[in-house]
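Note that the chains are named A, B, C and D in the order they appear, and that numbering of residues resets to 1 at the start of each chain.
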Amino acid sequence: MGSTAEVIQPGSPSEAASAFGDGAAVAVLAGGTLLVPDLHFGRARPERVIMLGDAGLNYVSRNNGTVSIGAATPIAALVGEATPLGPCAASIGDNEIRAQATVGGNLCAPAGFGDLQGPLLALGATARSAGAGGERSEPLEDFLAGRAGRLLLDVSYAEPAAGALAGLGRPHAHHYTVMAVSGARSRSGAVRLAVVGAGAVGSRLRAAEALAGDPDAAGVAAAGEVAPSDDPLASGWYRARTLPALVRQVLSDLEASA
Amino acid sequence: MAIHIGRGIASIEYPTGMNQNGDPSQAWIKVKPDGRIDVFSGTSDIGNGAKTIQTQIVADTIGVPYDWVTFDNSNTDSSPVCTGTFASRATFVAGKAVLKAAQRVRERILEVAGLEMEISPEDLEIADGDVLAKGAPTKKLSVGDVAAAATWGHGELITGTGAQLNPYAAISDPTTGEVDGVPHAAISYAACAAEVEVNDETGEVRVTKLTQAYDVGKAINPALVEGQIEGGAIMGLGLGVLEDSYPYYPSAEHRGDDFGSYYNPSSADLPELHNIIIENPSADGPYGAKGIGEMSNNAQPAAIATAVHDAVGVWVTELPITPERVLRALDARAAGSGPRREGKHVIFDEELSINAVGSGKTWTAGP
Amino acid sequence: MNIVVNGTNRAVESPPLTPLLHVLREELDVLSPKAGCENGGCGACTVLLDGAPRRSCLTAVGSIGGAAVTTVEGLGTPEDMSAVQRAFVHYCAAQCGFCTPGMILAATAYLERGGSTEVAAISEALAGHVCRCTGYLKIVDAVAAARDGDFDLSTTAESPHTTVLG
Amino acid sequence: MKAVGARLPRYDGVGHATGRTVYVDDVRVNGMLHTKALRSPHHHAGIKHLDTSRAERMPGVAAVVTHEDVPLLTYGHLSALGIPADEPLLGAEDVRYKGQPIAVVAAEDADAAQAGVEAVDVEFEERPALFDMRKSFDADAPRIHHWGAVYPHFEGEMNVRQIRKGDIERAFEQAYKIISGVYRPAAIEQMPLETQVGLSVPEPDGRFTIYSCTQALYFSMGVVAAHLQLPLNKFKFVGGTVGGGFGGKVDTATETLCTLLAQKSGRPVKWRWTREEEFLCSSTRAPWHMEIIDAVSADGWILGRKMLTLHDAGAYARFSPYGVTKHSFHHTGAYTIPNLHFDGYVCFTNRVPTSAMRGYGVTSVSFAVETHMSRIAEELGVDPLELRLKNANRIGDTSPNGITYTDPSTVDVLHAIAGATDADLPAPYRDASRDRRAGEWLPEHLVSQLSDSEGH
C-alpha cells in the first residue's frame, strides 16, 4: 500500500533546487507530517518525492541581527526564540509533531494550516525559494501568495525590538490554532501585525497597523480587513467577533514592552 | 479581558441493566484437578474491567486466591450468553451470573469435601483455597485435593453454571407509559460540582475542578471505580464544552474528520478531580455493587452550564458550551434579551423551541 | 533496506515512502504500535527513534536513516517490565489499553529527558496522546511516580483524589 | 486476602503495558484480503444505476458485494422488542445519509480495494434532505422513509412515547410560577481509539470464525446469522478484548459484510475502518431537543412537568426507540414529581444513524433536568442544593411510570457534595434522609404518588 514514487535525497540546497525543477509532479518531504499519510492513502500521487533531510536546510543562523531559518528546520528548534515566534512554535501540535514537522512544511501547508505564517509575517520575513526561473527572495507575503511551484529554502528576518502573540483556543494538538495575532515592533519603531486563522493563509493587518497607537480602533479596523470563514474548529463569525480583542491584546503587550 | 469564576452543581440517577430488563447473562465455571478455576463468561471487556471484576467475584465467592482464577470471554463456542457490555450491566447483571455460578461450584466443592472429610458440607467452609471444618480449622483439605478427588474419585471436573435474568417489563399502557414489572435492575445515584473560568472576551470556558460523589453500592475494585468516574468526568467535560459531531448543527457541513479537527478532550484539559465514593450496598447486586460506568458522564454538562451562568450570568443550553455560544449569549444579554415573563410564566429559550422553527407541531403550556 | 527494531536488525522490503507504522505492523509483525488514526492525531502509533518519540504513521521508513526503533515490546517483557510499564500497571493507568503503548513510550522519553513530575508539565507533554477511557488522571499520576519504579504489582496505588464515605 | 473490595491490578494490565494484548487488528491469518467501501457521497439520493462488473475485473479484487448478495438485506436489531427493520445492510434503491455503504470490495491490499471501489459505476438522483428534527412534523418536510420522518411504531402503533401521571392541569393551575426552557445537547463521537474492525475467516468445515470488536458477542452473532440466513452453529465469534467502545460497538459495523465477502471469495477478509470513516460514517451519540415546562411552588416544590422530547435518530432507527423509552422513564431525573405529561418522538434526519453511547437516553435528560433545576432555583431565589434535596427521590416515592424507589441515594450524594464544597445547609436540609416521606417532607401534592409498599 502507498506510494512507489521515485525518491530523491539531495545532499545540498542546490541539489534540492535542481531536483525540484519547476515543481511539476514533485512532492517535498521534509518532516513528512502532512505528506506521509497523504501518500499512504493515495491522496497525493506524485511521480517523485524529494526528501530534504540531508539537503543542508536545517539551520537557525544569526548574522548582524538577521536570523535565517532553513526550511527543513524542525519547529521544535524555534521554541526558544523570542515572542512571537517562539511561543507560536511552542503552541503547534505536541512534542512529537514539533520535533518532526518543519518550518517549510508549516509555511507551505494547505490552506488553514500554517501557524508560523503569523509571526514570520509580523517579523517582516523574507522568503528565499527555488523553482521555475531560478532562485528568488521576496517578502513572505508575496511568497505565500505564489508558493505553488516553489521550493522554500529559508526565511530570514531582522530581530525585532519587541514582539507579542495572542491566540484563541485551548491547549490542543489540532491542525492549527483557531486564530492568532502576532505583532512585532522593528528596531526602527514600525509595528507590523499579522493574523492566521482569518483566511486561507496568514495575512498582514495593515489597517490595524496604521492605527497601532489606538488599540481599540485598530481592533475594529482589523475585523474590517479580513473575511474569516467557517471550519470545523470555529465559525467566521466567531473569528471576526474576537479578532479585535486579540489585536488589542497584542498592541497593549507591545506597548508594555516599550 | 476578564476571567470570571463560577460554580454549579447537578445530581442525577441512572438505571442499571437494559431498560425494561429481559437481558440475560450467564457464566460457567470448571475446576481443574488441582483446584485452579476456569471462568467462562460472555462479557466483552471494553476497557471497563469486566475481566477483573468478574474474576474477583469468583475468587471470593468460591474462597480461593485471585490468581487461581482464569477468565475466558474470548469466543462464542466456549462462552455462554451475555447480552453485552452496555447499560452498566457488566458488573451488576453479568457479575451476578458469575456469582451464582461460583456459588454452585462452592456448593459442589463442599459436597465432595464432605465425602472426603466425612463431615457434613454444612459444617464446612472455604477460605484461601482450603476447605475447613467450621470451628475446627485444623481439619482441612485444600481445594486442590478436593478437585483431585472429584476428578479421580468421582470422574468429574467440578462445574457450576449461573444465570441472571430480570424478566422483561412490557409497556402495558402506551398512553401512560405504565409497565407490567420493574423496568431496571437497580438505580444508581451521583452528584457533581463544577468550577469554571470564563473569558468574557473570547468566550472560552475552562473547567478547573470537578467534585463528584457516586453511590457505587460496593466498590468491588476501587481503582476501577475511579477509572470509570475519572474517565466519565472528562467525557462529561467534552460533552459540556468541547465536542460536537456537527459544529453547525443542524447543518451537516464542516464535520471534523480526524483528531485534528474535532475537539476531543486531551490531557491538557484535565481539571482538578475529587472523587467521593459512597458505599450504600444494593439489595440485589453482587456484593452490594451498583453499576456506575454509564452515568459517569451525565452530571458534568449541567453542572458546567450552571457554573457558566454563575460566572457570567448567561444560560447556554445548547451543548457544547462553545466560546461562540458564550459570546452570542453575552451579546444578546447586552442587547437586552432575556426570558419572556408573562403572568406566572417564565419562558426561556423561546427562539430555540419547535414553535419557533417547525410548522408541523406546536407545544406550549401557554400563554 | 535494513532497520533496527528493538535491538534486532530487520530487512525491510516495503518502499521507502511507506509509513514506519505500516512496516512495523504489516511487514515485521511488531504489533504494539496501534493504527489509531494513521494521521498523526492520536499518538497510539508512537515509537522511539534513538530514544525520541515519533509518530510512526507520519514517518517514512526511508527517512529514518540508521536510527534505532524502540516499541513497547522493546522496553520490557511481562516478566521484566520497565519502570514506566510497572507504574502503568500499579496505577491502573490503562483501561482498554489501545493508547497505552504510545503513552508509555512518550512518557519514557519525557522522563529520560528530565521531565518534571508536575501535573501540568506531564499533561502538556502527553497532550497529543488521546485516551478516551481514563480521563488521563491515572496516566499522569503513573508518570509522576514512575521514576521510583519499585511498585508492588500485587496491588494498585491508593488514589490521593478519592474520599470514601461509608 | 479478600479479592472483592481490594485494589487489585487489572487482569489484563500487564498485557496492556507490554503491548502484548491482542486486538482484532493484531490477528494474523494467511491470505487475508482487505476491504474498502463505496459510500454515498450524498445526504439523500436515489440510486439510479449500480454496476460492479468493472470493479470485479480490477487487478487484485477478489470479491464485490452489493445489496443483491445479502440473503436478508434489512434486519431489525431490536425486532424482538417490536422495533421493525428499516436499515438495509447496503444501500439498494435509496441512500439516506452521506457515508452510507452501497458496495464493499475485498482485494489483495487496501490500495487494490480502493481502486475497485473507484471502479464501481453508480449514478445517483439527489433528493432534498432534512437535518432539523424540529421540522420532522412539517407537511413539506422531505420524506425520509415511506412513513415520513417520525417513527410510527411505538406500542399501539403510536408515533409517540407517552408518560402520563397524576393531574397535570391541576398542578399548572396551582403553580406559583411556570418555567419553560429548551435544552439541546449535541451529537458527539464515541471515539474509541480502536476503530470499527472485523475479520471473518472461512473454515474448512463451512463455518466462519469472526474476530470482532463488538461489545456484545452473542448479539452481533445474531445479526450476522440473520443477514446471512444461516444457523448460529455456522459462526464462532472471537472477541471480548475491545479497544474502547462507549456504545458505538453495540452496532455490528463490519462483521456481516466481512463474512459475505469471505463467503464469496473463500478467503479471510478484514475490514478496519479508517479514522475518517469512524468520524464520518460510524454512528454518533444522538442530538436531542428537549422542552421542559415545570409548574413550581414559591418555596421550591416541583408540582408538575410537561416535557417534549425530540430525538434525532439520523437516517435509521437502530436503537433509537429504545433510547427514547429509557429517556421517558427517567425524565424527572433524581426527583419526585407527581404530575407528568411527557411526549417523546424519534425523528429521522439525513444524518448518520445515531446509536448507543455512555448514558444512552439519559445523558440528555440529565443535562436538561439539572440545568432546568438550576434555573428554577435562580428564578425562585432558592438555594440550588436545597431545591434538589427538597424534591429528591425518597424511599416509597414512585417513578414516572409508577415504580417504587427502594434505594434512592439522591440525598446522600447531595450531602457528600455539600460537604466537599463547604456548603452551609440549614438544619432540616442537613438532616434530610432517604427515609420515607413524612412531616414537612410530605406536602399535600406528594401524598397520592406514594407507594404503599417499600418496593419490589
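Before moving on, here are some points about what is shown:
By definition in this document, a residue touches a chain if its C-beta (ideal position, glycine included) is under 8 Å from a C-beta of that chain, and two chains touch if they have at least 3 such contacts.
Everything numeric in this text was worked out from a predicted model, so none of it was measured.
Considering the contact criterion stated above, the chains in touch with chain C and with chain D alike are A, B.
Top-ranked chain pair, ordered by C-beta pairs in contact, is B-D.
Distance between chain B and chain C, defined via averaged C-alpha coordinates, is recorded as 28 Å. In this assembly, the C-alpha centroid of chain B lies 15 Å from the C-alpha centroid of chain D. Our note on geometry: chain A versus chain C, Cα centroid distance of 30 Å, whole angstroms. If each chain is reduced to the centroid of its CA atoms, chain A and chain D end up 43 Å from each other.
Among the residues of chain B, those in touch with two or more other chains are 46-47, 49, 213, 219, 222-224, 232, 235, 255-260, 262, 264, 266, 268, 274, 276, 278. Residues of chain A in contact with two or more other chains: 1-2, 41, 171-173.
Counting only residues that touch two or more partner chains, chain D has 6-10, 12, 191-192, 242-246, 274-276, 416, 420.
The touch graph of the protein chains shown is complete. The residues of chain D lying in touch with chain A in their complex are 109-111, 114, 274.
Contact residues of chain A toward chain C in the complex are 1-5, 7, 29, 31-33, 36-37, 39-41, 49, 51, 53, 93-97, 99-100, 171-173.
Taken together, the chain A residues at the contact with chain B in this complex read 168-175, 230-235, 237-238, 241-242, 245, 249. Of all the residues in chain B, the ones that touch chain C in their complex are 46-49, 213, 219, 222-224, 226-227, 230-235, 258-260, 264, 266-268, 270, 273-279. Chain B makes touch with chain A in their complex at residues 1, 201-204, 206, 242, 247-248, 253-257, 259-263, 266, 268-269, 323-324, 327.
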